[in-house]
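Shared between the two complexes below is chain A, which pairs with chain B and chain C, respectively.
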Partner chain A sequence: MNMSTRIRRRHFLVGAGGTAVLGASGASVAILPAIAQDAQGGSLPSYADWKNPEAMVIHTELTLETVRDAIGTSVVTSNDVFFIRNNLNPPSEEVVQDRDAWEVSFEGVANPRTMTLGELKTLGLETVATIIQCSGNGRGLFDHDASGAPWRTGAAGCAVWSGVPVRAVAEELGGSVDGARFMTSTGGEELPEEVNRDEIVVERSVPLEAMENAILAFEMNGAPVPIAHGGPLRMIVPGYYGINNVKYVRTVAFTEEESTADIQVSGYRVRPVGESGAPDQPSMWDMKVKSWVIHPLMETTSGRVLIYGVAFGGTNPVERVEVSTDGGETWEDAEFTGPDLGRFAWRVFVLPAELEPGDYTVTSRATDSQGNVQEQTTEPNHRAYDYAGWDRLAVGVTVV
Partner chain B sequence: AGGADEAMLELGRQVFLTTAEPPCGVCHTLANAEATGTIAPNLDTMRPTAEEVRNALMEGPGAMPSYADTLSDEEIDAVAEHVAAVAGAE
Partner chain C sequence: MNMSTRIRRRHFLVGAGGTAVLGASGASVAILPAIAQDAQGGSLPSYADWKNPEAMVIHTELTLETVRDAIGTSVVTSNDVFFIRNNLNPPSEEVVQDRDAWEVSFEGVANPRTMTLGELKTLGLETVATIIQCSGNGRGLFDHDASGAPWRTGAAGCAVWSGVPVRAVAEELGGSVDGARFMTSTGGEELPEEVNRDEIVVERSVPLEAMENAILAFEMNGAPVPIAHGGPLRMIVPGYYGINNVKYVRTVAFTEEESTADIQVSGYRVRPVGESGAPDQPSMWDMKVKSWVIHPLMETTSGRVLIYGVAFGGTNPVERVEVSTDGGETWEDAEFTGPDLGRFAWRVFVLPAELEPGDYTVTSRATDSQGNVQEQTTEPNHRAYDYAGWDRLAVGVTVV
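The block that comes next holds the complex of A and B.
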């Protein structure tokens, strides 16, 4: 709460105080200092008490953000700093006492049936590095008062997931039924009987082609998937926003129509501010091209400064990253560093710069393999989803 | 809870427990209302402001249903004030 107030006030000061920097196309660039990314908030909730408290901004028990520079430069975001966004409370520890006994029902295939994780593990093994990013990442960078956590950059992380390819399971069960156009995954949370299921169930449909890359993951960065991240079994849909990566997955169905759950029908729909969610609006499926700087933040010493950050293209490989130290007036190409873990992972970029003492507005702009360039600004949308504009992802840096 | 009188808070408690469909207490814990729902965030730990409760009721963020069409403005205000006043209290 304090944080969002501080950010909004800062927006106001930037706008009214004349300290805005002119961008390349003449639009004003709001400087958002990294100070609001300090770890803060209450104590870690018990299901996530193994997280590094220094690296987390605790918005609520179900929304924990990674501090901007805590994602590090190793490409993979370690589990103890990985962000959390749960739509419902996680299930109890009991679900991981015997992980291989976890059951998943498969529907919309020639031979529908329920399989245990132990049985699933005999069908195939695949590993994929992918970013999980909450749809609302960057909500705190919008000016309008959308409800939900005011995430800035830290509702995103890149992890290596191992699991069973969904297409191998479908094949084992005789293939998906004719006419199937979606893959629908349902979370295993036990819902209260008094509630109409569609009102609160976490159930998401994605286009059937996403099945080609999807895995039922039981391992995250070399460890059994923690409950906080969807263990014992999580649907991973590489390149798709977090919500589609259903935790505690209990049912996978190949369906002709999208789910009738509210979270599909009217939730996670992109629309103008003030408009209600509806099925004809774009759904939060595949992610867009985006990057942001993680170093330097706030203040650094003059001389040679390494400017680095992360960049990704959603379902396309990221091909280029440019860095600006003057709020978008001029740009220089950065270099990628570290291993390329595939098109769904982010890449770490670095640009060495010689910086004299003074104030700088540092930001980055990514381009994917299809020529899509990261936008300068993100137009407001009702739920304040995915702020990807390089203007407000910029950081104000004082070089001393 | 600025401006909320006893009657308003009582209305809020009633809406929280029974009038709202589904009632808030089915999913949320709120000790003051003797509500013990466990699927949604515990309001005693969350301690939302009245404004945050109002926004959530109108919007239905994440997996929460919107009550914009099923509760009156007065009822929504009452729940918001009630929750903000009693959350985290013994």
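The block that comes next holds the complex of A and C.
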């Protein structure tokens, strides 16, 4: 396939692996390798065979990435292009035959008990738009090798979720026990008996205060949550990395200590390359400020060009986005467009530009309401979590 | 099929056709017939075979209704349950092979010309959440016979649309001509040659001021607009009845007079039963204030019940929703939940209630920002447009 064929097809450009040069400002920017990654149709796993194959990069059966510009410009990411990252095989279709019969146990409350989704639905209704982003989103932009899918930008999406506020459930059950510092959620995947539970279970603890915004979600973008995305019931912790948004949630416990599961104790811990994971390292909880351009990619026509992309601040609203077409030497403020779906959602930013023929390095830099500015580069970390540097999130654009 | 089977299946209750009684307040309310309308799976037309068959009532190949409670609680209505009402057969799949090549002619501007969608996309980007509602939504709630699908509540949905602001296009082309009073959009369906164009063409004029909010939409809920919903390009006139949101838009003209097409001159005109349509009658332009309950329907368990539904004010924001469980004798204020997607979107309202066993008549009454209150009943009109009365939008609920 030659380059012009590629350009006509859906593609995205990765900003990694290029030669680093010094811009006039002294900034180290990635020069853009002409690496386009086309979606690979035809091998969607059966539990996700309803996805749009043209929009998905299939890394493995359990890791499907969204093509960079397939998230669209409408704030909400359509279910059929939403990325998937499952730690374990999803449960069978049986779990959604009678969604309201799904049972969840609540522990660490004054009156612990098991409730069905049908019962839970009488306790409250809340809708929140939030980004779900895999901790490893951007892994493919680091230089070092790290296990896990080499995501670029596409392990993130923004959806509108509806469900039952966790705080309403806690209140119904008499409140969380004294001393509780964490909310610990356990997934309902079937575990092989021969393996130690802690080695494999999807169980994550988040600080108790995250409960205030958390919902037990039964709807995703207006549809019953698909199994591929954690249906019938998913714990949604707005503004937190994907792993904390436990799918097929079976147990919610308010605990004094964090879970003893491996993915809590040593997994999802940020540490220098080569170090083992340990509880004293930062956990992948709330997300950091980040943005990236989704248009134009690769090539465009000279004249007026709308440069646009998405930006978010994790648990803080994003307040400002600057755009550079020269790899970070100069910046111009972009404007937000579209409805503001709240602080956990991303916003679409737009900058109209007049571009002469030539080569451009286009990138964006977001600032959140607390003054946190998107970093220029992301320090290597052992598991290559969340590359958020504007240098390698840049795209190379040839204007003809 | 017995009643208990019905209750376990997806269904909705129609509020029409029941015996009218006088409530204590003297209000005439519809008593709720035990008529459940199940979705009829299996016969989705090919252009819409990706819809969820369980969520659709298939009136005809071109009229598919959303089951009352399948719109969900997340503000956005998922594409796969969104209703369809097409006046003509949709064009073939070819029109979406190269979406950016789709051409639109602009007339009634200083510099009229044809532009491709690719060109249009350089002019601006705007996202708007709006309800699309068929003029005939609620037709099945009137007593009199009228041609058209007997929709109940399900010819309405709320989606997030992205596209090019029409005002930016007009500006690019030198502005609309002096004296222009209407924006007239023409659909791109293929017309049979033997029929007079005006008799069949989908062409609608709206007051010029509607241009301010109108967009040429290429995305619906984050996905390229499906053919079934007017893709590759649909005129979206936020807050206006569905017919004005012309699909497959091929021509946009700024005109002194309204279109001479039948659907403008005599169609979509509100007039007494038995009268012919004429230009001096009100046209189905901006929508009126309306709301309806989507939960509970039919039967529910005693104790705490969340009563919820949707409410909107057309081009005005909806400000208040009251809920009655006794057919309009007494009312209680509900609260809105979920993000506010702007004045053209609907809002989800919720009222927690404690219900003893018995029979209830549950309905809602919305008020918009201009003080317009949802009507109690809708006067019969020839084509049975937009039944918005809270009397027959009521649902009968048996609490056990």
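By definition in this document, the second predicted complex is superposed on the first by the 367 of 400 C-alpha atoms of A that agree within 3 Å, B and C clash if a C-alpha of one lies under 4 Å from a C-alpha of the other, contacts with A are read in each partner's own complex, and residues count from 1 in each chain.
As a convention for this text, a contact is a pair of C-beta atoms (placed from the backbone, for glycine too) under 8 Å apart; a residue touches a chain by one contact, two chains touch by 3 or more.
Just so you know, these numbers come straight off a predicted model, no measurement behind them.
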item: Chain B versus chain C as contact partner of A:L191, first or second or both or neither; value: first
item: First, second, both or neither for A:V305, with chain B first and chain C second; value: second
item: Touching partner for A:V225 - first (chain B), second (chain C), both, neither; value: neither
item: Touched partner set for A:G148, first chain B, second chain C, both or neither; value: first
item: Partner chain in contact with A:T337 - chain B first, chain C second, else both or neither; value: second
item: Contacts of A:V169 with chain B and chain C, given as first, second, both or neither; value: neither
item: Which superposed partner A:T77 touches (first chain B, second chain C, both, neither); value: second
item: Doubly contacted chain A residues - partners chain C and chain B; value: none
item: Interfacial residue positions of chain B with respect to chain A in the complex; value: 22-23, 26-27, 37-42, 45-46, 49, 52, 55-56, 58-65
item: Residue numbers on chain C that touch chain A, as the complex places them; value: 52, 71-81, 121-129, 160-162, 219-224, 303-306, 308, 337-339, 341-342, 345, 348, 350, 352
item: List of chain A residues in touch with chain B within their complex; value: 1, 42, 45, 60-62, 87-89, 145-148, 189-192, 194-196, 199-202, 262-263, 267, 383
